[in-house]
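Both complexes below contain chain A, partnered by chain B and then by chain C.
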Partner chain A sequence: MKITVDGLTSIYHNNTPFEHTALNNFTTSFEPGKYYAVIGRTGSGKSTLIQHLNGLLLPTRGIVQVGDLTLKHRTKQRIIHQVKKHVGMVFQFPEHQLFDETILKDVMFGPLNMGLTEEEAEARAEKYLSLLGVPERAFGRSPFDLSGGQMRKIAIAGILAMEPEVLIVDEPTAGLDPKSHIEVMDLFKQIQEDFNITIILVTHDMNDVFEYADEVKLLAGGQLIREGRTEDILTDEKLLTDHHLEIPDIVRLVHDLERKGVVFEGMPRNTDAFITSYREWRALHAQ
Partner chain B sequence: MLSNMLLGRYIPGDSVIHRLDPRAKIVSVLLMMVIIFFANHWVGYGLLVLFVLGIIRVAQINLFFLFNGLKILLFILIFTFLLHIFFTRGGTTLFEWGFIQIDSEGLITGIYITVRLVMLLVITTILTLTTSPIELTDAIEKLGAPLKKIKIPMHELAMMISISLRFIPTLMDETEKIIKAQSARGSTFMTGRLKSRINALIPIFIPLFISAFKRAEEMAVAMEVRGYTGEAGRTSYRELNWHLRDTAALIVIIAFGVLLFLVRM
Partner chain C sequence: MIARLYAGYALFFTYKMVVEHMIKIDNLTYRYQADGPTALDEISLSFNKGDWVSVIGHNGSGKSTLVKILMGILEGYTGNITVDGEALTQDNIQDFRERFAIVFQNPDNQFVGATVEDDVAFGLENQGLPREVMIERTEKALSAVNMLAYRRHAPARLSGGQKQRVAIAGALAMEPDVLILDEATSMLDPEGRNDILAILDEIHKTRTTTLIYITHDLSEIEKSDYAVIMKDGRVINEGSIEHIFSDTDILIESRLVLPYQMQISRAFLDGRYVTHDELVARL
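Let's turn to the complex of A and B:
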């Protein structure tokens, strides 16, 4: 499912003293099946952008085209509901949206809202809970008895069970321990590859962006500054520093090594690839 | 949506009203609440509306913005209005259809009571819009100081009020976030049948209560670890100073009250 944003302008509290333009004449597109990262410092308009992609916010001006559905200034609730079937959204701290008595019921909430029958919804819930490694005996437990990391997984399963074609994730690892962090990030990569869905990741963690994303969109002041392949944008140290973003650790390390005469072919994207590159370099250069 | 809500929200500014001593403002609001009930016919109500509009002007609050923020209470106003229209008898009958009868007296009372309610809302909203919660608490504590003599814990009460006021906007923002999260999961509490709309509130209220309780607990712990013990030997960082303008403000309010009393019929 392709998403096209055309001339999107978004103004909060239009015509009040709090009036604030969050996005200004914004144009971009998201191709199906790719992993995107939306980056930019706080207040750059990232959150506003993603809320437009599934109809939580409607454009003040311009359009958002989701497949063959169009979101405009005054789009009907019925269309918006359709969009939500196709575009799933995992908010920051998604565990805050848990409410039902049991884990299973909570995950079934989304599918049921999409018009599935009880049996279908239950089957979906079981499928995605298993995918996330939740044992079957835990299905009947209350989601509030779990640890933060586990609660987040249940909440994510609740979105996945709706089987969206595009999945938007907003800071999915905020407040997680390092182990859960890796698990959650690997999970999104895995479902992108296995189910061929589009992932749109919003994050401040440039290491995650560098490791997982295919393409990056850099926002500042409500405008698109640059978009393109991750390896082109995240290796541009000046661009990142200008926009108050961290340089990924691996990029920094590779650049430091280059200055010491260790020059790799291509840029490794994660720790394992880095070690492989280093071994290759050793094999060629070691006496 | 909910973020337009103005109840309990403070907007910093630099008008005369903003700079008044919070004690003067609270006393003025209390006086106004009484004075509003002096008006009993159109001259009185007219003066009252003009006076309140004047205050809004002096406080430099955007009128449209103010009423937009109070829209959420429209339901109560309309309900009150209709109640009076249908159930107050007297004067000439304007409209009759089956058991429904509208009298001129009902229409007039309906309008008067609605104006009264709107004025009450506006006056109290002006207070919270122009006074920071901290100032309000300080003022409540100072004004209530005599009550300490009879063992009423004014400091604790003031603290509770200020914490509640402080958390209204936070809870509003939180509600909006949860509404968004659930509506991203396809929850449709804005459309559909009444029953399904009510059911759709459960996924919003439960997370909201949970986070409110968590927040309250964290707050209590944070206060405790910083050694909060209530009033015991507390001095104030902000001293309240009574200026000439505060006395003047009270005189204006009282003068207006007298005027309104004189035009009573």
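Let's turn to the complex of A and C:
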């Protein structure tokens, strides 16, 4: 499912003294099955943009086209409801939205709400809980007995069980310990690859963007500053620094080594890939 | 040779005399339920005055339980805790609590004042200080965290990093002997996190406050004097940063993730602690 944003302007508190333009004449698109990262410092318009993609906010001007559904200034609830079926959203701290007495029931809630039967919803819940490595014997337990990282996985399973074609994730690892951080990030990559879902990640963590995203959209002051391939944007140290973003650790390391004459053929995207690249470089230069 | 040994011993004893323990913990054991598992299992630790000590562990390792006991929030432990040479008891814990300040994880849950400066001054109001002293301490604390320009702003309108800086100012204004930071950067963006670490570095240089920094992120402990690794309610390693990183297997077993430069050091160098620049120089 393709999403096209055309001339989107988003004004909060329009026609009041508190009027604030969060997005200004914004145009971009998201191709099906790709992994996108939306980056920019706090207040750049990232959160506003993603809320427009699933109809949580409606344009003040311009349109958001989700497949053949159009979101405009006065789009009806019926259409918005359709959009939400296709575009799932994992908010920050999704575990705060857990509420049911068992893990299974909690994950079934979304599919039931979409109009699936009890049996269908249960099958979906079992499928996605298994995918996330939750053992069947735990299905009847309360989600509130789990650790923070596990609770977050259950909440994510609840969104996946609705089988959206586009999944938006807003700072999905905030507050998680490093191991859970890696597990959650690997999970989204696996979902993208296994189900050919579009992932739109909003994050401040440039190491994650560099490791996982295919494409990047850089926002500042409610405008699109740059968009393109991750390896082009995240290796532009000046661009990142100008927009108060961190340079990925591996990019900094590779650039520092290049100045010493250690030059790799491709750019490794994470620490493991760096270790492989350096091992190859050493083998090549030992001869 | 013997003279040199002797000089070494003399230096060692001098060091022992000069360095005083701010907090000393002996055989601390705690269970949340009487017949339940041990959340803390015979922990013994000491924190030197003015040191920056990092306590590192995965979720559920016992680090938050330790903080709650030090803050007097949890009672019913066994073992001994002395603070500045005096044993902590049920009778005097309230007095000691005033000498401890804490900054929590969530920047949104720790504000009471309508403005930044009201908020920082709030904690001082119970101490019966003259107004001039309160103003002076508030200004000093806000300057220390680079937030004086925001003194008349509403805390709710600040960024997460700015909120945590104000929370630190509120703690500093109390002039505590011990400042505990309980995963205080884990919800911040990298810029906010770096700001907090830089401020702590400045506080640390004054050596007037003992910093206890609770984290699960090994990349944040570079500036600490001492680090403690916790796992399943036990202390499984402690020492200088160099010492902690000299046994990376223990860190990996403890569900911790090595910083990138340490992973690369393990693959190509001796696996010892290196900074980014040292790594670049040695590869």
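Quick note on the criterion: the second predicted complex is superposed on the first by the 286 of 287 C-alpha atoms of A that agree within 3 Å, B and C clash if a C-alpha of one lies under 4 Å from a C-alpha of the other, contacts with A are read in each partner's own complex, and residues count from 1 in each chain.
Going forward, a contact is a pair of C-beta atoms (placed from the backbone, for glycine too) under 8 Å apart; a residue touches a chain by one contact, two chains touch by 3 or more.
Note that the coordinates shown come from a computational prediction; the quantities given were computed from them, not determined experimentally.
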Touching partner for A:His73 - first (chain B), second (chain C), both, neither: neither
Partner chain(s) touched by A:Ala174 [first = chain B, second = chain C, both, neither]: second
Contacts of A:Phe99 with chain B and chain C, given as first, second, both or neither: first
Touched partner set for A:Ser147, first chain B, second chain C, both or neither: second
Partner chain(s) touched by A:Glu246 [first = chain B, second = chain C, both, neither]: second
Which of chain B and chain C A:His285 touches, first, second, both or neither: neither
Touched partner set for A:Met162, first chain B, second chain C, both or neither: first
Touching partner for A:His20 - first (chain B), second (chain C), both, neither: neither
Of all residues in chain C, those that touch chain A in their complex: 58-60, 105, 159-160, 183, 186-187, 189-191, 216-218, 255-257, 260-261, 263-264, 267-268, 276, 279-280, 283
Residues of chain B defined as touching chain A within the complex: 3-4, 11, 62, 64-65, 68, 177-178, 180-188, 190-191, 202-203, 206-207, 210-211
In the complex with chain C, residue positions of chain A that touch it: 41-43, 147-149, 174-175, 177-182, 204-206, 244, 246, 249-250, 252-253, 256-257, 260, 262, 271-272, 274-275, 278-279, 282
Residues of chain A touching chain B in the complex: 13, 15-17, 51, 54, 56, 77, 81, 84-85, 88-89, 91, 94, 96-100, 109-110, 113-114, 144, 158-159, 162
